[in-house]
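Letters A, B, C and D mark the chains as written, and numbering starts fresh at 1 in each.
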Amino acid sequence: MNSFGRLFRVSLFGESHGPSVGVVVDGCPAGMLLTAVDLEEDLARRRPGPKGTTARREPDEPIIEAGVAGDRTTGAPIVIRFVNRYFDSAAYDELANTPRPGHADFTSRAQYGQHYDHRGGGHLSGRLTVGLVAAGVIAKKLIAPTMVQARLVEIDGSEEIDAVIAEAIEAEDSVGGIVECGAQEVPLGLGEPFFDSAESLLSHLVFSIGGVRGIEFGAGFAASRMRGSEHNDPILSTTGATASNHAGGINGGITNGNDLSFRVAIKPTSSIAQPQQTVNMDTGEPVELCVEGRHDACIALRIPVILEAATAIVLCDLQMIHHASRVVAPG
Amino acid sequence: MNSFGRLFRVSLFGESHGPSVGVVVDGCPAGMLLTAVDLEEDLARRRPGPKGTTARREPDEPIIEAGVAGDRTTGAPIVIRFVNRYFDSAAYDELANTPRPGHADFTSRAQYGQHYDHRGGGHLSGRLTVGLVAAGVIAKKLIAPTMVQARLVEIDGSEEIDAVIAEAIEAEDSVGGIVECGAQEVPLGLGEPFFDSAESLLSHLVFSIGGVRGIEFGAGFAASRMRGSEHNDPILSTTGATASNHAGGINGGITNGNDLSFRVAIKPTSSIAQPQQTVNMDTGEPVELCVEGRHDACIALRIPVILEAATAIVLCDLQMIHHASRVVAPG
Amino acid sequence: MNSFGRLFRVSLFGESHGPSVGVVVDGCPAGMLLTAVDLEEDLARRRPGPKGTTARREPDEPIIEAGVAGDRTTGAPIVIRFVNRYFDSAAYDELANTPRPGHADFTSRAQYGQHYDHRGGGHLSGRLTVGLVAAGVIAKKLIAPTMVQARLVEIDGSEEIDAVIAEAIEAEDSVGGIVECGAQEVPLGLGEPFFDSAESLLSHLVFSIGGVRGIEFGAGFAASRMRGSEHNDPILSTTGATASNHAGGINGGITNGNDLSFRVAIKPTSSIAQPQQTVNMDTGEPVELCVEGRHDACIALRIPVILEAATAIVLCDLQMIHHASRVVAPG
Amino acid sequence: MNSFGRLFRVSLFGESHGPSVGVVVDGCPAGMLLTAVDLEEDLARRRPGPKGTTARREPDEPIIEAGVAGDRTTGAPIVIRFVNRYFDSAAYDELANTPRPGHADFTSRAQYGQHYDHRGGGHLSGRLTVGLVAAGVIAKKLIAPTMVQARLVEIDGSEEIDAVIAEAIEAEDSVGGIVECGAQEVPLGLGEPFFDSAESLLSHLVFSIGGVRGIEFGAGFAASRMRGSEHNDPILSTTGATASNHAGGINGGITNGNDLSFRVAIKPTSSIAQPQQTVNMDTGEPVELCVEGRHDACIALRIPVILEAATAIVLCDLQMIHHASRVVAPG
């Protein structure tokens, strides 16, 4: 289903070329200040703009439909909606029968049949992440003083981001990248053994973001090439402070009070103007396809704020669950 | 909570040094043949044995407590239990106040307080995976003809597995590794957009396995260094067959009918005989700790069958969900 | 949380005096015809109008924000929104500190604190049922040929409905009633033993409707005064047809193929113009309160279509779950 | 599925004539004292014994398999198992093709097919409630000082319980009854608007108990024949104390701090020695069936402690959820 979370539950709705997209946030406590202004900064970070991002310019003005009165949350589900204004579906009509390589055209057709709204990717469009970012703002407020920060650390294996992107655009190609995410002042004791480990929940939500191909916590894949004597983080104090942080802030699925740290691999944007090989779904004939339209040459540029939102949402849910099990005094 | 799955739901119970560990599988259709013999092969693959695995020798004899009558599933929840026989808790008493680096001793104490059963890792022990493997056998039967196979491809960055492990044991150290998992004949159309993408669910369950530090699908982290023109898989036919499989069998969170393919990074075992730095939780004094007892020098050796189980469980749940949405004929 | 359902999931949002109220329906298969016209009849049945219902006249024009393109469902979550137009919050300002007897003013303040939007009952308002009715229309289409029908059978213990209501209005009082609900052509085998019995799920959703005080299936409370020889329904054929239907169409929590039949008790509307005793929450002083405004003298009048919606939603979810467990062929 | 609860989750397993039945309780905080002795009193209350209950005499000795160490809960899932000792499946073999009227034989066959373990009712047997009672003991300890008490108030419409049962046994018939359940010192503010109202969750769990045909809260069905001026409970103080309790302790789905009060209708036991009409499922021939064996003439006698368990489980889950939403301080 399109919902995530046990006590702090986020649901996304909408389609890229439908009337609007948005988010329902259920479980937010009453009394929290929340206005459109609060959402502005993170929405702006997600919005296309820098070179390498799509030319579709949506204003992303949040309409708070429910759950807020007098600038404060009421305890009821919060609904934030964004009207889709500047889309052009014409380009998609001819795509209906020629699935774009790397995209979900083929699989969404398999999943939903011919009535799936494939225009702009439909419900699977990256446009849906605008709602996730809005939910992330709410979560960030709730988990304060925990701070979540993500940043792009690498594009196409290089740190020279601008140059690499310029080159890719020139080549009518696209590039991927690596985004690093961290959280500070994370409470000790979040996460549950086995199925709801902190890594399980974080990766669950992170892999719901289009374009993510991998995730690693702490030392990550490099841990597979370490010895235990090197990888184990020496424990320095009763607060759990450690000399290194190869665990990425999590042991046994439970946060250990150190900084949370993980990295995410983002694939190159699937839409490229170069000709690519696909097939006509009606005739079975091979087709050479050039994807026209306004696309990001590098979606990784826009991922950091989305990754922060995903992280904050998980931490918020875990924090609420954590408190719940704490307060029932066992006889 | 210690449950996973929407229609095919698996719950683990038990503690390493408690009376027994086991699994509840809810949602298995009635009428499937299931005997202890069916479980044998996979349980044997998980059982320690090869050099580099722990010397604790549990027979892992499955007791089917419920959900099976006359060798067939009844439709009611299946409970499979494994008695804990050969454990020695003595070694753990002195560990109570000195958390082992890399282990969940510190975090489980934070999460559950002093009454957590820390002996042998308690509920967070790798011993719990015996129930997951049993559930995996059931799932594998249900998803046939889909086949799931995992194998260890690298230890400590090397493919010379035996030599590396012998060297690590000699050095009183431990090593990590990389396990690759694939599935063939995966139905097209499994997974849902956004929150229940196939990658989301797979990674959720995979990160519940102790020692996993990272996961990557298809080209994975390497995708971040590819151009779109290289990474996009050319589509060859209306069945979705592609010339390459950088997507790992999933587009937009939905299986595309190609082989599923992902890799998992396993950290080196935390328990090592070498002295490590930790702290006395009562006094705050630094302590130099050598972890005695029977431990795996390389847990990665035992991960493949566990990873297969996790994969089969997710595919089984997705398959059941997939059918559900298919059969209600919309008016 | 404000969601219900495992595969066909309904979430309500909005507040009586907020911008809009509505519903998210997740899990509806793609390809079903759905237009505003489909919703008209049931929305009209819920809309106030007959004597004894509130004078607040909302047009209840459904805005389909998502999940439908070209008049067909796309498989993505469906969002239907109703703008709140004709409300007058002035009357509620003085009510903020004097909880109305029978209403949720006191409890919602306890649950959410001072920031709960109490105007018109806020999120707990009967207005929210407009979204439930919209979801019910979708469910009814999906479960066809199963037919669900509810009707008011008794007001204030009498069948002379018009006369009783006229008298209550005259007396500045309100009345309750009994609503009967039935379903025909219900598939055999819906519902699960124990926790997800058909009665469990139906009652769960029915008690979410404001004003419901009791529910009984089949012979209901009268069954407690029957002998087994009288209550047991003689089985007439291998299709499960029975000579009587004291079971209400359900045995052991599972539908038996006969008509589903249950009755619901509705309390008299809490808002009455007569003076009632309450308390000033700031001062603790007793207050005599007359509830002004536009209220239903008998909410039971509007319950039938809401009850049908609740029933159809449960049957739809159960039907999807039923199919899911059916189609995985056990080896 | 066979699970209930969001943070305090109870799952039942087992079959009447299988190796054992039992319960998994997930989410119980660590550190609570729990021994077999704690379970004794409530298990004894459920155990058959008084005239009118079955002659199958199971000792119901609880085996605590997991989640408890040193007489205290560890925070991990608690598993309590009861071995089935004294059952006789012979009588059920001939029943396989002649569904007993009033029982789930016909529906469970429809739901699960021929491999359902129908002996003694299988997984749908009242025997399963032994696990519910055990979970109820845990919940009761957790919710203290809230007290839950249920009692049988009426058998076959009469309060002369012993005489009525003696007469029914004499007549080879069975009788139903009414059980009343109340809770004192219930925290204010439990329950959520709409889908997770206190009544919704209570009725959900109560209708999972076999034989329940109706439930009513507070004034219940009688409320449908009251005027608002009579039904509304006058509010006496800022603590929410009311002059009457027609609401049964719940307004708008949320507990109001007054005593919780509801009544449940129990049908007469389906198994009676008198001849009843059914059908041979293979041949379609009518069959006159006398149900032999050891059965309760009045299951209502054993319901009170089961109802208390159901109530305590719901209140425990609601209390944990309540705390969760309280403790995240909104910025």
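Rule of thumb we're sticking to: contacts are C-beta pairs under 8 Å (C-beta built on N, C-alpha and C of every residue); 3 or more make two chains touch, one makes a residue touch a chain.
Keep in mind it's a predicted model, so treat the numbers as computed, not measured.
> More contacting C-beta pairs: B-C or B-D?
Result: the pair with more contacts is B-D.
> Which chain's C-alpha centroid is most distant from that of chain B?
So the chain farthest away from chain B turns out to be C.
> Centroid from C-alpha atoms only, then distance chain A to chain B, rounded to Å. What do you get?
25
> Centre to centre, by mean C-alpha position, how many angstrom separate chain B and chain D?
Each chain's C-alpha centroid was found; their separation is 36 Å.
> For chain B versus chain C, what separation do you get between their C-alpha means, in angstrom?
Their C-alpha centroids are separated by 43 Å.
> Quick one: which residues in chain D touch 2 or more of the other chains?
1-3, 7, 12, 27, 30-31, 73, 75-76, 108, 111, 123, 193 - these are the residues of chain D that touch more than one other chain.
> Which of the residues in chain C end up touching chain D in this complex?
That would be residues 1-4, 12, 99, 101-104, 106-108, 110-111, 121, 123-124, 128, 154, 156-157, 168, 171, 173-178, 188-189, 191-197, 199-201, 203-208, 210, 212-221, 223-238, 240, 242-243, 246-248, 250-257, 265-272, 274, 276-279, 281, 284, 286, 300 of chain C.
> For chain A, which residues are in contact with chain C within the complex?
It is residues 1-3, 7, 9, 11-15, 18-22, 24, 26-27, 30-31, 63-67, 69-70, 72-77, 79, 81, 111-117, 119, 122-123 of chain A that touch chain C.
> Enumerate the contact residues on chain C facing chain B in the complex.
It is residues 6-7, 27-33, 73, 75-76, 141-144, 193, 316, 319-321, 323-328, 330-331 of chain C that touch chain B.
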